[in-house]
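Written out below as C-alpha cells is the structure these notes cover.
For clarity, chains are labelled A, B and C in written order, and residue numbers in each chain start from 1.
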Amino acid sequence: MKAHSQRAGSFVIGLPAAWLFLFVLLPLLIVLAISLVEMRTGSPPYTPFFTWESGLPRMHAQGGNYALLFSDRLYIDAFLSSIRIAATSAFIALFIAYPMAYAISRAKESVRTPLLMLVVLPFWTSFLIRVYAWTGILNSNGLINNALLNFGLIKTPLPLLHTEFAVHLGIVYSYLPFMVLPIFAVLEKLDWTYLEAAADLGARPLKAFLRVTLPLSLPGVFAGFLLVFIPALGEFIVPELLGGPDTLMIGRVLWTEFFSNRDWPLASALAVGLLVLVLVPATLMFRVMRKGEAA
Amino acid sequence: MKNRSAFALSVLAFGYAFLYVPIAILIIYSFNDSRLVTVWSHFSTRWYGELFRNAQIGDALWLSLRVAAASATASVVLGTCAAFAMRRMRSLAARGAFEALVTTPLILPEVLTGLSLLLLFVFLGETIGWPGQRGAVTIGLAHITFGMAYATVVIRARLSQLDPALEEAAADLGATPSRTFLRVTLPLLTPAIFAAWLLAFTLSLDDVVIASFVTGPGATTLPLVIFSSVRLGVSPQINALATLLVLSAACLILIATLVLRREERRMQAAKE
Amino acid sequence: MDAHQDRPLKPGALSAAGPIVRIDNVTKRFGVVTAVDAVNLEIARGEFFCLLGGSGSGKTTLLRMIAGLEFPDEGQVTIDGEDMTHAPAYARPVNMMFQSYALFPHLSVEKNVAFGLQEEKRPKAEIVERVREALAMLDMQDFGARKPHQLSGGQRQRVAFARALVKHPKILLLDEPLAALDKKLRERAQVELVRLRERVGITFIMVTHDQEEAMSMASRIALMQDGRIVQVGSPRELYDAPVSRYVADFFGGANLFEGKLTRAERGEGVAECAEAGVTLRGQCAEVSVQGASVTVMVRPERMQLSRTQPTADNAVRGRIASIVFLGGFHACRVTLESGKIVLARLSPAEFMSAGAPAPGDDIYLSWPASAARVLSR
C-alpha cells in the first residue's frame, strides 16, 4: 500500500517536472546556444552549435551577435525605449487605476464584487481584439478624428495612430486590470480606523490620504506597477498594431530580425538580452512577494 | 462626504468608460452597413452574413477551438500534478527550482517563449526526426506549456485554502490516499479546476505571438487570421467576428463567475 | 453517589486484556524540536483519558500518533495488542473528532456519516441503518439531507461525532472538542460527552489545554510538559497529590512555600519555611535528602481562618489585605509577616464563624498536615 502511494507520488512529481524540463528549461538553453552561432542560408538558418569531430563534441561559440547588440545604436535604443515606454505606461496606468481601486474599495460591500468583475471582464475577451479596437478609434478617419473634424475643431486629421502615444494608450488599456487588482487587494484589507484616527488627530482628508493611506497601500502599488511593467517590456502586438515605424520596442525588433531578416542567431541574442532585462524586475517582485507571504 | 462620492463616481465612470467604450464601438460598427468602417451609414447585418460564409475563418475557428480544448485539458492535468507535486516536495531547493520553472512562462515575454519553443522543435526535428512538420500539434504543445503555468497558480491557490483536516479525516475514516483524492480533494478542487480550464482555454484561443513562431503550413488558427487581417487595417468582417467573440466570452465568464461564487459561499460557510 | 472521577479503575482494567493503548518510549521530532520525548503511557479499556498541557507540550502530537496521522521516530505504539507504530490512519480501528470538525463540505450530513462505512464496503442496507442509528443517538436524525454549511456549530459537532462513532471504533480520539464553544454550551457539552462515552462504552482519549475541562470529564489525566509526561493519575490525585510545583500550579491556585527539609519519616515531611516564618508539616511522597530545597503546597480552600491562635499542625499569622465575595465563597488575600501573600478560600459558614473578617484584621491561617504536600521539584 505504501509502495503504491510512492509510485503515484513519483508520477505526480515526475510528469510536470519532465514537461517543465523539456518545454521550459531546455528551450531557453537552446536559445542561449543559438545566440552564440552565426546566421546562414539553408535549413536550419544557423550554423551548428557543436559538431562531432572524431567522436568528441566541439563547440562553435562566438559572441558576434552580442557585439552587434552593443555596437549598433538600433538595438541599444530599442532596449532603452522599451524600458521608457513600459515605465511611462505603467505610471499612467497607476494614475487611472489607483482612484478606481480606491473608489471600489470604499464602495458598499454588495457592489464591490460586481464592480471588480467589470474591471476584470475585458481581460477575458481577446487581447488582440481589444488592441485592434483602438485602430478604429485612432486612425485618420477613425472615431476621434471624425468627431473633431465634424465639430470643426481641426482641419486635417490628427496623426493619432502609429505613434508612441497610441502605444502608451494601448498598453495602459490592455493592462489596466493588472494594476487595479493588486491595489484594490491592499486597500480592501486596510483598517479604515487608521484614517479615523488621523482625522481624530486633526488631519484633513487629503493629508490623511497622503500620510496614512498612500504609504500603507504601497505594496499593492508596487505589485501592480511590476505586473504592468514586466509584460510591457516585451510587448509585441501593441507596438505592431498601434506603433509607428520609429516606435522601437524590443519585442518588435526581435520579430523583425527573426521573420523578416531570418537572422535567428541575432534574434536569439536579442531574446537573451530581453530575458536579462525582464529578470531584474521579476526577481524583485518575487522577493517582495516572499516577504509579503512571510509577513 | 458628498464630495467624496461624487469624486468616486466620476472616477469609476471615467475608468469604466475607458475600458468599455472601445469594445462598445467595435460592436456598434459591426452593424454599420458602410465599408468605411468608422463612417456610419445605416444599420445592417451584412458583415455577419459574410462572416458566416467565410470558409477561411470558419476553418480557423474550428482549429482554434480544438487546439484550445485539448491544450486546456492537458494544462489542467499537468497543473493539478504540479500543484500536488509542490505540496509533496520536502527538499526546499528542489521545490524552489520547480516553482521557478513553473512560473517562468508567466513572466517570460511571449516572443521569448515563442522563439525558444520554435528553436526546440527545430532542434528536436534535426536530432530525433520529430516533429517533422510543425502545425497544430506544436501549437498545442506550446499552449499546454503556458496553460500549465496558469493552471498551477489557480489550483495551487485553492489547494492551500483547503482545510488539511479534511484529508486527514478521510484517512481516519478508512480512505487510502487515492480514495481520499478521488472522494474528497478532487470534488473540492473542482471549481478551481474549472476556472483553470477556462483560463487556459481563453489564453489558447487568444494566442497570436507564440502560435506565429511555432505554427506550420496549413495550421492557421483564428488569432493568426485576425492578426494578418488587421495588420492591413480595419476590416468590417473582423468587427463582426470581434463582436461575437467578445459577447460569447462575456457570457461564458458571467456563467463561470456565478457558478464559482456559489461554490465559494458554500465553502466559506462550511469553514466557520 | 461518587463523582465518576472518584470511581477507581475497574480492578484489573489495565491487565485484563491488556491496555487498549500502549505507548512505549515514543519520541517524535520536527526538525530540531523534540515534540514528544521518550513517552511511556498505558491507557485502559473504557477510560475517559485526557492528555492535558499547554501549547507545545506534545499532547496533540501524541494524539496524532495514536491516530496514525503522525509516526514516531522512535518507540512503539500498540493498539489493542497489535503493533501499529507505522500503520497508516486508514488501517487503524481508531477514529478522531477534529477540532475544526472537518465535515466534508460537498457532502450531506448522511453522506458524511456514511463515508467511513462506504470505505469498508459495507452493504447499502447496513449503511443506511447504521447511519440512521448514529444520527438518532446524537439527536440529528432530522438533518440528514442538510449540508454542513447549513448547520450551526453545535450541530456540526454532533455530526462529527456520529461520523466518528458509526464505525464502532475501539477508541475515539478528541482534539480539543470544546474549544470552539462558548462557556454555557461548553458546560453542557462536557456532561453530554461523558454520558455519550458511558452509552457507547468505548475508550475516549481527549486532548485539551483547559484543566477544568480535564478535571470534570476525565477518569484519568496525563499532564504533559515539553514533550514529557509530568504526572498521570485521576483528577483527585493530580489535584491533591501533585508531584511537582508545575502540576500543583497547573490545577487551580496553590499556595507554595519555599523551604528546606529538616526531617522526613513515614510519609510526613517537616520543612523550615522562611516565608511562613514557621516550620511546616505536610505529606511527603518522595524520599528526599535532608536539607534539600522543597516546596510546601496548600490549597486555598483547605485553610482555616481564626482570630485566635489555633491548635493545628500548621499555623501562620498575617493581616488580611483584601477579601472579595465571589458568589459561592470568599477569596481572601493575606499578607504574612515575611511579606508573602497567601490565598485562602472561605465558605459562607467559615466566613460567618470567623466573625466576618475585613481587610486590616490580624488573623491566623491554619491547616492540617494531611492538607499539605511537600514537593521536592
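Going forward, a contact is a pair of C-beta atoms (placed from the backbone, for glycine too) under 8 Å apart; a residue touches a chain by one contact, two chains touch by 3 or more.
Since the model is a prediction, treat every value here as computed from it, not as a measurement.
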Top chain pair, ranked by how many C-beta pairs fall in contact: A-B
Chain occupying the middle, per Cα centroid: B
Mean-CA-position distance for chain C and chain A (Å): 60
Whole-Å separation of chain centres (CA-atom averages), chain B against chain C: 56
Mean-CA-position distance for chain B and chain A (Å): 17
Residues of chain A whose C-beta touches two or more other chains: 1
Residue numbers of chain B (touch at least two other chains): 176
Sequence positions of chain C contacting 2 or more other chains: 88
Interfacial residue positions of chain A with respect to chain B in the complex: 1, 4-5, 8-9, 11-13, 15-17, 19-28, 30-31, 34, 44, 96-97, 99-100, 102-104, 106-107, 113, 115, 117-119, 121-122, 124-130, 132-137, 139, 141-143, 146, 173, 176, 205, 230-231, 233-237, 240-241, 251, 254-255, 258-259, 264, 267-268, 271, 274-275, 278, 282
Contact footprint of chain C on chain B as seen in their complex: 163, 165-166, 168-176, 179, 183-184, 187-188, 265-272
Sites on chain B touched by chain A in the complex: 4, 7-9, 11-12, 14-16, 18-20, 22-23, 25-26, 29, 36-39, 78-79, 81-82, 84-85, 88-89, 98, 101-102, 104-105, 107-112, 115-117, 119-120, 122-123, 126, 141-142, 144-145, 148, 152, 176-178, 202, 205-206, 208-209, 212-213, 223, 226-227, 230-231, 233-234, 238-239, 242, 245-246, 249-250, 252-253, 257, 261
Chain C to chain B touching residues, read off their complex: 67-69, 88-90, 94-96, 98-100, 102-106, 115-116, 119-120, 147-150, 153, 163-164, 167
